[in-house]
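Next up, some structures in structure tokens.
In the two complexes below, chain A is the common chain; its partner is chain B in one and chain C in the other.
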Partner chain A sequence: MKAEYKSKVFRPLVTLAPRSLAAVLSNSTPSGGELTTWSRQFFVDAPFVRNFVVAGAEVFATVQKEYKAHYPDPVPPKIVTSLSRMYRTFLLELCQNLKATGDLTSADLYSNLDFVWNFCEIMFLSSHPDFPVLPYLVDWIHLNFDLTSEILPKVVAEGSELEEETTLELWNLIYSHVFHGTTREAARLLSYLGGESASSTTQRHVALMEELLSKRPEFRPEDAASSLTEFEALFTAWQEECVNRLENGAFSGSPNFTLVCKILCGDDEAFASAVARGLITWYEYMVLLLNYKYPTIRPAQLKAYAVRTLQQLDLVDKLEARDAILLHAMDLDVVSVLREITAVWDNPWVALHLSDLIFACGRSSISTSAQKQRRGDDASFDFACVVPLRNDFLLEYGTTLMEHETLWQMGLCYLDALPDGKGRPVIRTCFQHRNPFSEQEAQKLVQIAERYGFGDEIKGICRQICLSKLKRGGSSQAQNALLWAIKAGDEALTTRIVDKILFEGDAQIDVALLDALLANVLDASLAFLHEFSIFRRAVSEGRGRDGVVSLCSMIKRGVIPKRLAIKILSKNESIFDDGSNFEGDDVTTLMEYVQRTLVTQRGDDYNSEEERQVTDLNRKLIKIRAYRIMCEFRRKATGAEEEEEDSNTEFVYGEADDY
Partner chain B sequence: MALNMSRAMLQAEFDYDHSNADHVFEHRTNSGLSFNNRENPAIKVHKPFTVTVQTGNNLGKVRWLQDNATQLIPDPHATEHLISTTCGQLKSDITLWKLSIVQDEYGKFNSQVNSLCTVESPADVTDVVAVTDEVFAVTTSQGSLSLYKCPRNEDDTFNRIEHTSTKHLHNLRSGSFECPCPARAVATNFSSLVSVGEDGSIHQSTATTNENVRSLDHADPLSIYCVDFVSRSEILTGNGGGQLKRWDLREPENKPVQILNPNFAMNNIYGVISLAVHPSQKHLVIAGYQSGCMDLYDLRGGSRCDPIANLASNEGSLSELYFHQINPDHFFSCSSSGQVCQWYPGHGSFNMQDGLMYTPDVNIEFLKRGLIFKQLNTSLFPVNSMNVSKHDRLISGGDSGVLFCTEISAQ
Partner chain C sequence: MATFNVATIDTGHEDMIHDAQMDFLGTKLATCSCDKNIRIFDLNVQTGTHTFVAELKGHEGPVWQLAWAHPRFDTLLASCSYDRRVIIWKEVLDVKHDGRKIPKWEPMYTYEGHESSVNSVCWAPPEWGLMLAAGSSDGTISVLSYVNDRWEAKKIPSAHTLGCNAVTWSPPTGPSSMSAGDPGSNAITAVKRFASGGCDNLVKIWKEENEEWTEETKLEGHSDWVRDVAWSPSAGLTKMKIASCSQDRRVIVWNNRESDGVSWTPELLHVFDDVVWHVSWNFVGDVLAVSGGDNQVSLWKKRESESWECISDSSKSQQQQHHH
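Let's turn to the complex of A and B:
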């Protein structure tokens, strides 16, 4: 099932892909504008592409976390490789989804990318420069060219009696395993040939070959105990045994077994006959060569063998874009690899994530000249270019995402990854382009702006919401607008709205806002507002006495604007309803103030409504005065002994009406 | 413990190998098949599952389609339905999903989430509430309250969503100019619906016919962000200035019966974005703020009482809060910093408000023992919504587009 899927993916790679690759290569003119268009249209239309972008961003964030956790050391290759594999999983998933939608060309293109990425992963991330590269290449070839799942079910279904055609297919499968270097797999498959119905000679051959194939030594880079010299010795001994078996005629009479044994011995003629059978691509041939002739070559030496393979197969002039990238990767020429990848797959996703992995792996920080000296080869290590390249890709991809309607938050994590806080101004610029279409969206933007400390942006966004509230909601939204003005920290706007509420509205400000007003924006010029806030808070909380004190203090200090005086008094009449709120000369102060205000008001512009309000106030104040006098009178008349019963004897405030 | 989709997936794929590529694909599919039940088939013990589905759109709200009026004993094998809505664009998709636990031939229980159908809402959906196990109400950014019904087939399955009715309720007026204003939240007591909006209005409608019963126009001078019922006819709202207001819908005046002001020093001018009312002690309320603060209030304290305790102050606004209905010592939160947390009594700490000691009439276990939490899911992107079902499953969704579903235990 698994392998079947892969082979289905991979088959078009071998047959169809070069054409599509070439077509894309000749037409591609990468530019930021096109990418933006691509991102806008493609992301929205296909949910699976969006999933691909989100999944990529999540792995990217993990890479950054690992990078920070290990800094200043590079992230160990094992971790980087596993992260790279995650990216490849998403690529394969994308292929699968593209196929499901019927877009086979793109599916081929991306399965090619997985193939190329896998090779780059070996060259730049997972392999060690001082250890053989072969084990990784064996995996690479096996993953992409394994046909076991297609052929094996047929073989199993036919049991011990294999038809001629199936036998041929089985042999092809065994050959491919031998070519790929997965000899243990090949040994397992041989058992299908050596069943009970097979001749005794065949059974003997199978047993002998199984032994040889299973015994083939393998170098395990992850196994620290296995030293290279030990491996070399084992390999030479094993190959000698193969040669001995061949020379002893152990497989005489069976051309297939003889050919396999010759291959194991590293015989050039046998290799040539493998090519002649048409079983093999140049990638496989190169690995075949390494498997049985040069199993210990280092990554930097690979190019020479690849060129030799291409020459042998007469393919030097027939290279495809994909092959060119592989050759660049063998040169460890990361710049060319990234350039070609960008040219072929016109999607910043690819080059960015690959370059980021190479950056995290830290080979960019290795002293390249020292390495060259130590290894004495002339491979060009141009890793120093990875940093600026990565930065460019980050900028491009991050800004592309930031322009997207719903994916924009993803852009942040990419721009954040730019070194030395270079992403901050870019994020700020992108922020300026974002218009919140709702209060909710604005809140989200403000929160992010707060995280980055973009004071001006917060101010801008809050101002925008504030003004739209004022424009759309009129006076009913004035307090809401005030809240946003306070959030914006814009004193001028705040003052204007407060003015609007006080003069044009009902002079009622919510307590929550008053708190905010007190704590946030008030300066000396807003002394009145400060006092007014205290007064309003006292009134709304039912602390009548505090309200009166605050009001009288405002009157004595003369901070109440004239035009507002009547409004403030009449809108807060509740404090005049309880005479016990007043003490000392409070009533006198207020009465004088009301009279003075009335006179001024008459002088300015006469308003019968206001006059009525003032008369009402006057009446209330007279009532309070009467009440105060009665209280005083009663206290003096009843004397000290009745003071204890004050609560019973004191006037109920309402009684003052009778006087 | 159940991890974030990406995390769980990343863990699963950390030792990625092409030879098990199919296994990896199991975890992320568009059709939504995914599971991590890998127990020994011989031992048929139910283990908590976690399902993640990439939906390909920013998720605004996720809600179980269930009858919240009744309570059941949780059944780990029950099939349930849920509603998700998309956000971030001018219109929204409403999708009905089915979560089923299927036993395969080896006796293994696998959980699946499949999408059943999608309808488009002409405006961005701002809140969803399930009225019954077939009917749900949504509010939109165009100020409307709509009812949708998922008709049940004869074989007890669902396969479509029908739009029943829409009422435009929330408007802003400036002179002769009138425009729709976003409704922000909707709550139900199963006979009526209450919607609140950024215009500060509160509208009560019938849950069956969506007819307007009572309107409190511009009752709050600030935007109202959240609402919940605290009794049959009393609601609690949270506004943009951080105030909680209790309204009695029977009162003729458009005035709140109680106002609770936030702890200003901790909240500055952040709004209340989420509310959770204790299921058995309706006077206890947790308010979640945009600042990331989470305060516990006792409504019996009268107007202007301070919160009893500040339970937490994190980064990122607390998008939603939810009490476990059977064991309310456990509650859940999700936040714009990408976390979905389960809070429960344990050896932890929180700030009691000054001068307030634990009082025996507030019967909350975590006030006595302390409060701790575990993260059920973390995401790079804001988690906008979550919900807990009667069968102890939690779903969450956010700007990453991942629908995350996990089984919880509240013991």
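Let's turn to the complex of A and C:
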């Protein structure tokens, strides 16, 4: 049937590989036989990232534990914050490792992630909606913009006689600490200026400024005793003192000290000059504003100041990717934060673990409208949005991990965290697609599948590993495969392998397998195998009598498959060598069986060698019978006490006649 | 955007490739072509390499589609072709004299019940036995089942006027229960269903009732030939969906919101620049791959209660390639 096909329209095809996004196949050209494969890079396989992922998974497990322990109450902010810090520790560790190997792009990526995460931790986890957010921001800025380690060593090295350049750098460092609000640090640094070689004026200025800087009030969130009003009073008083000192000319003659004091006073011009010197980023500027003008603002009020900062610095159109995320966080718009993070970095890790923490935290800052009004908040946090997002991330990350060669077990932890047992069917599907590389992996898979009660999948896995062993060939593999086939409960496969062992191998079954068979009598069709293994065990251990008993039992019960009869007989000759193995009607049973076998075997599987062996066997049996008859006769003849009431005595004589 | 490692496999086909399918476990690849042949490759997941294993000759026209059966049924591959045939191929182990085992492919069964090109084949979920659906340009759909060591065929006459282009089976489990996870599996539904797309611009859903196949639902939404349909696997997290793509440049996702397998609400995924030829789901059922026009491949994902979002695009990915 010739079929002419004329139309040659190119039809681009696409197929997703069985595992999620492992590979996409498409035909690349209309005429050629080229196939394009697109396989997604798993970020997990980059150097150092693996350890990072494992560490993250451990923290994740801890979060789930805490969630369950506190349910239905949310996990307290303190615990959540410390867990968040653990995540960040690993992020930073990864950064360091990547930097050390020279992969600065990746290091930069993770560094940015930490920067953003830290800010989100403040907005969503650690800060309290009723209290100032500034202390947290000070820490955040300090962590990310502190220049001390770069500049201080040089200063210390030069001792009391500072070079001009070093003095400049020292001042820059002092300024940055003042901007950041770490005024006590700034105070300490001043001592390097007030050494013995300094003028008395300078020393006086240093002393005075140290005092002002050290006395600056700081609101401590963890300090339950401190109240907001008290802090406000203290702060106002301190700032007044700064203003007084300035107006009294305490720092006249020194531009630097004057400028610092002006900053402490919250002078806008002073702030502007800092910017003019190109000294700071907008994050630092925003915190500068808060430090000296608006130290008590609450988290939900932050956005306005951020916007103001950006406008002042003319950066509104020049935002970086991470800036958009920070602004969303200031709006408490967690959905946008998570989406942006995922979109910008195509890295599921942060979005997942952050949303999970927020979920665990429960965030009792679900503001009622009354609360919102009372606080005058612009922003409010919608917790309900977090749940579906978290589910989405869990599913994506969990299934990604479950496809991984070696990290798949970690995927279970994430999928299990899906609410209402939704993870179970997904895990099940993942199991169906796993192709175990090794027996160890298969065992692990089975163990875990048992935990979940995945009956079908266990069978599938066992079958899979069984087949792969069979493919490899060899008798030890076959025996191993048999164990797996039994575990899979696959009758047909089991029979196939049994035949294989008996037909293709040397019908030797090792002890371990025999033990397994003895323990695993599954059903009628394996009953023969069970019996046969007892028989083989007896033969291999030289217990001829037991072998004969077993063999006769099998024959009488008719469990030996016809196709195996001749094989079994021919391969186990050794028991026929010793007449004392036989008692009672054993010989008869066997002779009949042998003769039956020889007759029926004249068929398809004609094997002259085996037939010859069995014929020999027949002769042996005849000899044995003769021997037994002789024994009986001798016993009777010598008049020795009949030790055994041989009920077959008559029978034997009778047979002798036939003979 | 997702970064992808792009590689090419030279399959050895002498003409356009029409289908490429990896088996269930991702260890084998089968490709079929206008050159009438099917080629099988072994895939090494660890090294990412492929090895040619066999060339299957038997069709007398371009081979349109391939489908691997579930591993529990041994290694079976179904193919359909312009030559009006469906062939089911089986891998056997050929034992050589020296004991080596060479895998060999043989046609296990050839079905010649169609009067025109067979455009699509798809295996049913293994829970329903060894069963296959095939759609043809003669407008009929055949369902082949292997029962009592024999292949039986049931035909659905006049399934789609002018021809059937694609068939896809429903997953075996019923609509998952979203409530408390029960320790047992989702109940295997007794009702067997599959969907088909045809030249009558329709997507139809077929149901087995009293051992006969009847049309259950007609999904109208496309304005030109439906080229491909794909029923999403249901891992239990999301509701059931069917994706269809058409000559009218649209991909529609049909949502079964009531989880009853019967009521379907269309959702337009996107209007593309050119004909859309293929749609295919990932194994979890939350990412859809779409190919169309001049070799444009894109991946789409839906966030909860959001619209569909393109997470990757072949043209952009290729640009990324250049940067690395």
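Rule of thumb we're sticking to: the second predicted complex is superposed on the first by the 397 of 659 C-alpha atoms of A that agree within 3 Å, B and C clash if a C-alpha of one lies under 4 Å from a C-alpha of the other, contacts with A are read in each partner's own complex, and residues count from 1 in each chain.
Just so we're on the same page, contacts are C-beta pairs under 8 Å (C-beta built on N, C-alpha and C of every residue); 3 or more make two chains touch, one makes a residue touch a chain.
Model, not experiment: these values are computed from the prediction.
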Original post:
Of the two partner chains, chain B (first) and chain C (second), which one does A:Ser553 touch, if any: first, second, both, or neither?
Top reply: neither
Original post:
Is A:Gly473 contacted by the first partner chain B, the second partner chain C, both or neither?
Top reply: both
Original post:
If you stack the two complexes on chain A, which partner ends up touching A:Thr258: first (chain B), second (chain C), both, or neither?
Top reply: neither
Original post:
Is A:His433 touching the first partner chain B, the second partner chain C, both, or neither of them?
Top reply: second
**OP:** Considering only touches as defined above, state whether A:Asn172 meets chain B (first), chain C (second), both or neither.
**Re:** neither
**OP:** Have a look at where A:Leu92 lands relative to chain B and chain C in the superposition and call it first, second, both or neither.
**Re:** first
**OP:** Please work out whether A:Met410 is in contact with chain B alone, chain C alone, both, or neither, and reply first, second, both or neither.
**Re:** first
Original post:
Given the touch rule stated above, what does A:Thr281 touch, chain B (first), chain C (second), both, or neither?
Top reply: neither
**OP:** For A:Lys422, decide between first (touching chain B), second (touching chain C), both and neither.
**Re:** second
Subject >> Doubly contacted residues of chain A, that is, touched by chain B and again by chain C >> reply: 1-3, 5, 405, 437, 471, 473
Original post:
Which chain C residues qualify as touching chain A in the complex?
Top reply: 1-27, 29, 31, 33-35, 45-46, 48, 60-62, 71-72, 82-84, 93, 99, 101, 117, 173, 176, 178-186, 233-237, 277-278, 280-284, 286-287, 289-297, 299, 303-305, 314, 317
Original post:
Residues of chain A touching chain B in their complex?
Top reply: 1-3, 5-6, 46-48, 50-51, 54-55, 57-59, 61-62, 82, 85-86, 88-89, 92-93, 96-97, 143, 405-406, 409-410, 413, 437-441, 443-444, 447, 471-474, 476-480, 483, 486-487, 508, 510-513, 515-516, 519-520, 541
Original post:
Which part of chain A faces chain C closely enough to touch in the complex?
Top reply: 1-3, 5, 8, 10-41, 339, 346, 388-389, 391-392, 395-396, 399, 405, 418, 420-422, 424-426, 428-429, 432-435, 437, 453-454, 456, 460, 463-464, 471, 473
Subject >> Residue ranges of chain B in contact with chain A within the complex >> reply: 6, 10, 13-22, 24-25, 28, 30, 54-58, 88-90, 124, 126, 141, 172-175, 177, 179, 181-182, 184, 198-200, 218, 221-223, 239-243, 259, 261-262, 264, 268-269, 271, 290, 304, 316-317, 336, 380-382, 399-402
